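Shared chain: subunit A. Partners: subunit B in the first complex, subunit C in the second.
Our next item is the complex of A and B:
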């Protein structure tokens, strides 16, 4: 029996758990817990340790499916998995949510985090949620990845559809396992589908209680205050109690607005962050339709604050 | 080897300069990046001046524009170190380098 392993990773809501459920012959092992941070605006449960499933490819080949937790705060698990459970994996499947503001930022982040792991393995970029957001398209991905120096396979998949996710498996082991009957496999996995109307008894689409952006921000690790601004850069809501911080956040947003034209040749101004050794970190994240100001613990790294803000704004638009 | 080469070699920045009372000094920014530097200079001077009006203790500012990342570090009340870095640069390492080389930026 040939045993293969594959590791699925990607941002929160990119479809890792769903993809593994679509492929697995066994009841998947998942470690879901109620969401308590910025992801609360998108879903109720999130993976906190790992997902695991198994797919029998043929009588002589088996694929073990592992999924990392998406949230950065569980990334100690990524290291643990890479150095132990999946150190002998065939490849890494990076699921990229096409509805993210900038999917390539996610790609850069995960490629950097998994750099040592993918040096010796196959990397497949599997783009999800393209039914909700068609752009960037395949050509755009290929060109952009080329300019990033990443020469890899890109597949557009629907994590809910087993036949679609199976294309990733074909790409990974298809050339080495020529005896696999893909048609039969596809038929066998059809029961795993969670496509709308595929299995009426599925209850995964239960409505999610609406949580305000400020509440979601306050549930996010290290965030102590938040200010939500509209397209006119006027404050929609705020729970920043410190008046100095409030004024500073507003003037930071105004500065970004004032610089936008001048800096346009470099691109859009995404964020401005202010730090001090004894001060809370203040940051503003600016989009066309809204802006978010955050006060956060000085110990929280800028990268983490940016990731959290990106999640909060992302799901606020929907 | 200049301090800029040293920092670039450690992947802490691409280009850097010191603003002394708003004037550009000791710059490694090439001429094709003068517009980038102009934006960084204007924004960092404004930020630290404006912040000083409200509260003391902020000595670091970061701005992300497209794929460009600017950082400004207040060396003393007159001097700002401007860094143009890659987005994935570890700012903690930059900060540590500046702390242990503060004297060199002031000279």
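Our next item is the complex of A and C:
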């Protein structure tokens, strides 16, 4: 019996757990916990340790499927998996969520994180959620990856559809395992499909849809208050209770609004951050159609706050 | 004061800097083509830190990302603000760490002057 291993990685919501469930012959092992960042607006559970599933390719070949947790706070698991469980894996499948603001930022990040692992293995970039966001398309990915010096396989897949995810497996082991009956395999895995039924109402009111931007912000580690502003920089909603923070955030928003008029020739204003060793950090993140004011723990790094704000604003836009 | 700015500017971290006392620029290493950035920084940080003082808050640092630049303002002592301009892509932690070092030197210099 030939045993192969493959590691799935990618950002939160990129479809790692779903892809493994689509392919697995066994009930997958997953380790879910409540989401503790802005991803709460898209899902309420996330993988914290790893996903595991098994796919019998033929009577003589088996594929072990491993998935990393997406949240960066569980990054230590990535290293643990690379050095132990999947050190002998065939390849790395990097799932890229096409609805992200900048999918290539994710690619750069994961390629850097898994650099040593990829050097000796096959890398496949599997683009997901392209049914929600078609661009960037295949050609754009290929050109961009080429300019990044990455010459690798790119597949557009739907993680919910076993036949679609099976294309990744074909790429990985198809040439080495020529006895696999792909048609039968596809039929067998059809029961794993979680594709929505065409007759189902797509606008089902799942609880995730009801999570407001402010609720999502408050679910984010280190965020203690949030203020959502519209294109006119007027407050749409706010849960900032501390009067001092509220007044300072308002003054920061006023400044941003003034600079947007006065200093437009210098370029777009991304953010204004105010911090100090004895105070909560106050920040205003600016987009054309909306802005977000945040109060956060002084210990939380500005970079982390910025990333969280970027995610919060992105899902709010949708 | 210009000696202090020589220590502030650092390749790949801080491109230009200036010292503000209220609305007055005491010293500056901003090149003529970057004077707009200096003016915006002066007005923005004056306004921000004025509001901080008005609200009796203790914030002593502000960062504004505009275009491809980041303007950072650090209160060195009451009424004295150090403004630094860095590339937006430059890690903000590098800017903060470097300014923390410079601030130590500045305060030490102040003490030495008082003792002399």
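We adopt the following convention: the second predicted complex is superposed on the first by the 250 of 318 C-alpha atoms of A that agree within 3 Å, B and C clash if a C-alpha of one lies under 4 Å from a C-alpha of the other, contacts with A are read in each partner's own complex, and residues count from 1 in each chain.
Here, contacts are C-beta pairs under 8 Å (C-beta built on N, C-alpha and C of every residue); 3 or more make two chains touch, one makes a residue touch a chain.
Keep in mind it's a predicted model, so treat the numbers as computed, not measured.
Touch criterion met: A:278 reaches subunit B and subunit C at once. When the two complexes are overlaid on their common chain A, residue A:6 makes contact with neither subunit B nor subunit C. Contact with subunit B, but none with subunit C, is seen for A:112 once the two complexes are overlaid on the shared chain.
In the superposition on chain A, contact of A:292 is made with neither subunit B nor subunit C. Once chain A of one complex is fitted onto chain A of the other, the partner contacts of A:229 are absent, as it touches neither subunit B nor subunit C. In the superposed pair of complexes, A:248 makes contact with subunit B and with subunit C alike. Within subunit A, the residues touching subunit B in one complex and subunit C in the other are 244, 247-248, 251-252, 255, 259, 262-263, 265-279, 282, 301-302.
By the touch rule above, subunit A contacts subunit B in their complex via residues 105, 108-109, 112, 244, 247-248, 251-252, 255, 259, 262-263, 265-279, 282, 301-302, 306.
The touching residues of subunit B, counted against subunit A in their complex, run 35-36, 38-39, 42-43, 46-47, 50-51, 54-55, 57-68, 87-88, 91-92.
Interface residues of subunit A, counted against subunit C in their complex, comprise 244, 247-248, 251-252, 255, 259, 262-263, 265-279, 282, 301-303.
By the touch criterion stated above, subunit C contacts subunit A in their complex at residues 36-37, 40, 44, 47-48, 51-52, 55-69, 88, 91-93.
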